[in-house]
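See the structures that follow.
Here come two complexes built around subunit A, the first alongside subunit B, the second alongside subunit C.
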Partner chain A sequence: MIYEGKQKIWSEYQKEIPDDNWYYVRSCIRQNFFPASERMFTEISRNVLGKDIYETPHHTTCGGIAYHCDTIPQETVMTIVARQFALMTEAGYENYCPSCITSFGNYAEILETWREYPELETRIREDLWKACRREFKKPKYLAHTSDLIYHWRNEIAVRAKHRLVNRQTGESLRIVEHIGCHYAKMFPSKGVGGAEYPYVLAGMIESWGGQVVDYPERRHCCGYGFRQYHVKANRSYSLSNTYKKFESMEPFHPDAIVTNCPGCPYFLDRWQYVIAEQTGKTYGENGFGIPVLTYEELAGLVLGYNPWDLGLQLHQVAVEPLLDKMGVEYDPEAKYLGLNRENILRPELPGSIRCF
Partner chain B sequence: MTDFGFTLSCSSTLDLGKVDNDKFEELCRLEPGAGVCIGCGSCSAVCPSARLSGMSVRKVLLAVRRGRNVREMLQCCMLCGKCTIVCPRGINTRNLILSICKLYDD
Partner chain C sequence: MKNLFGELCKDYRFKEGFHNCINCGTCTAVCPAAEFYRYDPRRIVDIVQTRDDDKIEDLLKSETIWYCGECMSCVTRCPRGNGPGLVVMALRDLSIRLGFFTESEKGRQMLPLTHIMTGNILKYGYCVHPETFRWEDHKESGPVWKWHTDHLEKSLARQGANYMGDGPGILRKIPQESLDELKAIFDVTGGTERIHIVEQYSEKKASQMGKSLQEYEKAAFEYCSDKHFNR
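On to the complex of A and B.
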């Protein structure tokens, strides 16, 4: 092996991530699925780490969800994205960080397309000017918010109140990391570690005391895959993909799954209930499922936030076994209490998978 | 069980490490042509039975390679021999089909 050659190849998969001054854009769907995740990102970055994160209420969808569902052409998406860049330029920022993996892939794809076809960029600039009299500069740095948490992982580890260690046995928790397909599978050099060995979540897990589970279908899609799920006739395919992943990770007895995509945690979480209904099989210990968390929720747990403030009661799979292992204190009675301890009613619990 | 309107589909992943090669090896002894097939599909293209029954020599041979029981797939073969005429590798497909039937009937 020529060491220098390997170093050169690996250096292409390293990513320069500025430490501060980011223009933050939210996902279309994350706030419906796991509402505290994005809130937790701004909380951690601004209030815990003291970073400058700016966001504007004028931000709209990036169009990526419709583009990947085959319902709008790329030129339309490009003009929407051009407007987002114009908002960033008007706010005086140069570093752009989307919370959504598909947005991240969408921005990366568009910037790369404009680099290859500059005449297309000129046309989109004209279209944007005609549509809303705006002009834009392209972002100097593009990073996903998980890249930022990865970049700050050691700062978070220093402030950690809980580590990813089993309090009872003292062993590191076995965590499955699942990376959204649009993170690096389209443009491997845009992610930390490329498509094959993305280190973005693995770095967080190792830094916070856990051990990463390697399993055969580690890089398989979560099952969402946009048109796999949105076209109802394909929904079995979506479910079967998720099933394949769980069958593959089951022998390694993971304690939790952490993801960096809006769709993945939702499908890995909810499909566990559907699989339990259809096959009677659950993948956690004692009839529970495997808790699925977003990286912001995991960071929040590590930093000692109240699990119910992190919105963990909105997960289908019970997270209590993980909280018990980590030694996180929680009030079971407060699980379904809303703001100011207002009763927001308990959901009906399924019989096929253990939940609280 | 709740009816979601969709169900789990079995995985079609092949674990080639677990494939039983015995039948295929025996077939190669009975008809050495089995080993030289390039899977071009000419046999299936000319098969008069294919359009009615889904019979396909190419598919049958692939299934034998993967250790599956193919006896039923051959039910509709009429042994007309058109596949033998078109085979670019000169395989005696009629003997191949008869050998496969013999293998699975024994």
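On to the complex of A and C.
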């Protein structure tokens, strides 16, 4: 392909990301499973980089998971989202950043549907007024919080205490990037790099010294599948898809996986434990698994935060092999302590995958 | 109701996802569900494309429309701009409204799913919440999660959460007035009616099956027959 043509295509998959003044909404799943990641997002954005990130306690779920479990009608999820936009409007913001990929996809889908069918937007405005007596402006900019960390990746790199480099060998760490399906599969133009070549996480990895692992099933879903996980009878769907990804990435010996979706890090972490319990197979070195991190956890390690302040003790796959490679110092005895070093016991260790 | 195709055409997801399928099978090739289940999204769109209401009714009563994980990988790859995942969402919506969902094992999962999701939203303001995501129902979450939930408040405090606290923050208590607004949205937009529809049809089916509603819901949540899988 002619170089200029390639540049033109690539430019269509870049998005404008304002540097500051964002209205922030949290993720249902991340608050449950990786709560410290959201803490790290506000810590990095506000306290390290000095950005204005506003949150109101009145925001709620966007309803996206319930919608994709088919339990609420489209009109209901749209009106919940309209209320979220009304809260943003009332707070005086126009840049909207959700922490959740399902939410990000939900907002993108709703804004696009309203653009195409204005009569539906009118109806939702009427529904919102009827239900809540609120009005809203649509966000001028919509970005996922991983877009923002991507946007600030070089500012983070400048402040790095650790790089994604093996301290022993000097080689760049091999990092798998896993993009949540609803980031750009539905609306490729809404994501950095589109659906086929998303650069949002790859850009962070490269900026922080790592090398991106390419492997055959790189774009395959983690297997969440909404109802395919939330209903106990369906969970082997989720496990099987994660298994497929690990079998595909295994020959490339990744040092870690980084994700930008709420569910993906949970599934890629926990199903490694289940695969090990069921089959005895582990995908990391020496009986360990491959550590799976959120992008805020990775950024936090790069910036030199205490791994236990980042919440890495809530992973089932041990993160210590990655910490050792990066040269991150940590206190093994403090891993499971509560606030003020309170003893709150320790979890049992799994039988088939090494953990501390 | 017999203008099923006409009903589908009113759904905005159907308008977006159903154009002109050429039956190439790209959607099936990339579909995570198609590899796992006896599932073929190409076939679903092809059936809908016949506009034959009898065939569409069979689809609405079938297992197959419940296999999709709504990852939307098909949307990216369809060479004709279709979205089989969006078509499936419209089919599911219609199946629920007409009560056909109770005719399939996977469709009957709507009862526990509805209770989990809408229960969490209306009671807590979240789709997933620690009070209902119990380790006993999620043993795959591992011993670390058992430890976390056994020491929930202290572990969450260590993570910087504001669990059930006032003001902003992680897992904060959503103010009652905001929960009241969510309830009003459900009432105005058909969310509440949807819950009642799922419960009413499920009660009827449970009675036909000679089960209590509790037995029916437990079986829907836990039971998985062998017939679904690609082997």
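One rule holds for everything that comes next: the second predicted complex is superposed on the first by the 353 of 356 C-alpha atoms of A that agree within 3 Å, B and C clash if a C-alpha of one lies under 4 Å from a C-alpha of the other, contacts with A are read in each partner's own complex, and residues count from 1 in each chain.
To be clear about the criterion, a contact is a pair of C-beta atoms (placed from the backbone, for glycine too) under 8 Å apart; a residue touches a chain by one contact, two chains touch by 3 or more.
This one's a predicted model, so the numbers in the text were calculated from it and none came from an experiment.
**Q** After the superposition on A, what does A:Leu349 contact: first (subunit B), second (subunit C), both or neither?
**A** After superposition on chain A, A:Leu349 lies in contact with subunit C alone.
**Q** One more residue to check, A:Arg39. First (subunit B), second (subunit C), both or neither?
**A** second
**Q** For A:Tyr243 in the superposed arrangement: first (subunit B), second (subunit C), both or neither?
**A** A:Tyr243 sits against subunit B, while subunit C stays out of touch.
**Q** On the A-aligned overlay, A:Ile80 touches which partner chain: subunit B = first, subunit C = second, or both, or neither?
**A** Touch partner of A:Ile80: subunit C, not subunit B.
**Q** Classify the contacts of A:Ile275 with the two partner chains as first (subunit B alone), second (subunit C alone), both, or neither.
**A** A:Ile275 contacts subunit B only, not subunit C.
**Q** Under the stated touch criterion, name the partner, subunit B or subunit C, that contacts more residues in subunit A.
**A** C
**Q** Determine, under the contact definition given at the top, whether A:Glu135 touches first (subunit B), second (subunit C), both, or neither.
**A** neither
**Q** Does the superposition put A:Gly63 against subunit B (first), subunit C (second), both, or neither?
**A** In the superposed model, A:Gly63 contacts subunit C only, not subunit B.
**Q** Which residues would you name on subunit A as touching subunit B in one complex and subunit C in the other?
**A** In subunit A, residues 232, 235-237, 239-240, 244, 274 are touched by subunit B and also by subunit C.
**Q** Which residues of subunit B touch subunit A in the complex?
**A** The touching residues are 1-2, 4-11, 13.
**Q** Can you tell me which positions in subunit A touch subunit C when the two form their complex?
**A** Touching subunit C: residues 26, 28-29, 31-32, 35-36, 38-39, 55-61, 63-66, 68-76, 78-80, 83, 105, 113, 116-117, 120, 127-128, 130-132, 181-182, 184-186, 188, 195-196, 219-221, 223-228, 230-237, 239-241, 244, 266, 270-271, 273-274, 308-309, 311, 313-316, 336-339, 342, 344-350, 355 of subunit A.
**Q** Report the residues of subunit A in contact with subunit B in the complex, numbered from low to high.
**A** 232, 235-237, 239-240, 243-244, 247, 274-275, 277-279
**Q** Can you list the subunit C residues touching subunit A in their complex?
**A** 11-13, 15-16, 32-33, 35-37, 66, 68-73, 75-76, 83, 89, 92-93, 96, 106, 109-110, 112-114, 116-118, 120-121, 125-130, 133, 137, 140-148, 150-151, 154-161, 166-172, 174-175, 177-179, 181-182, 184-191, 194, 198, 220-224
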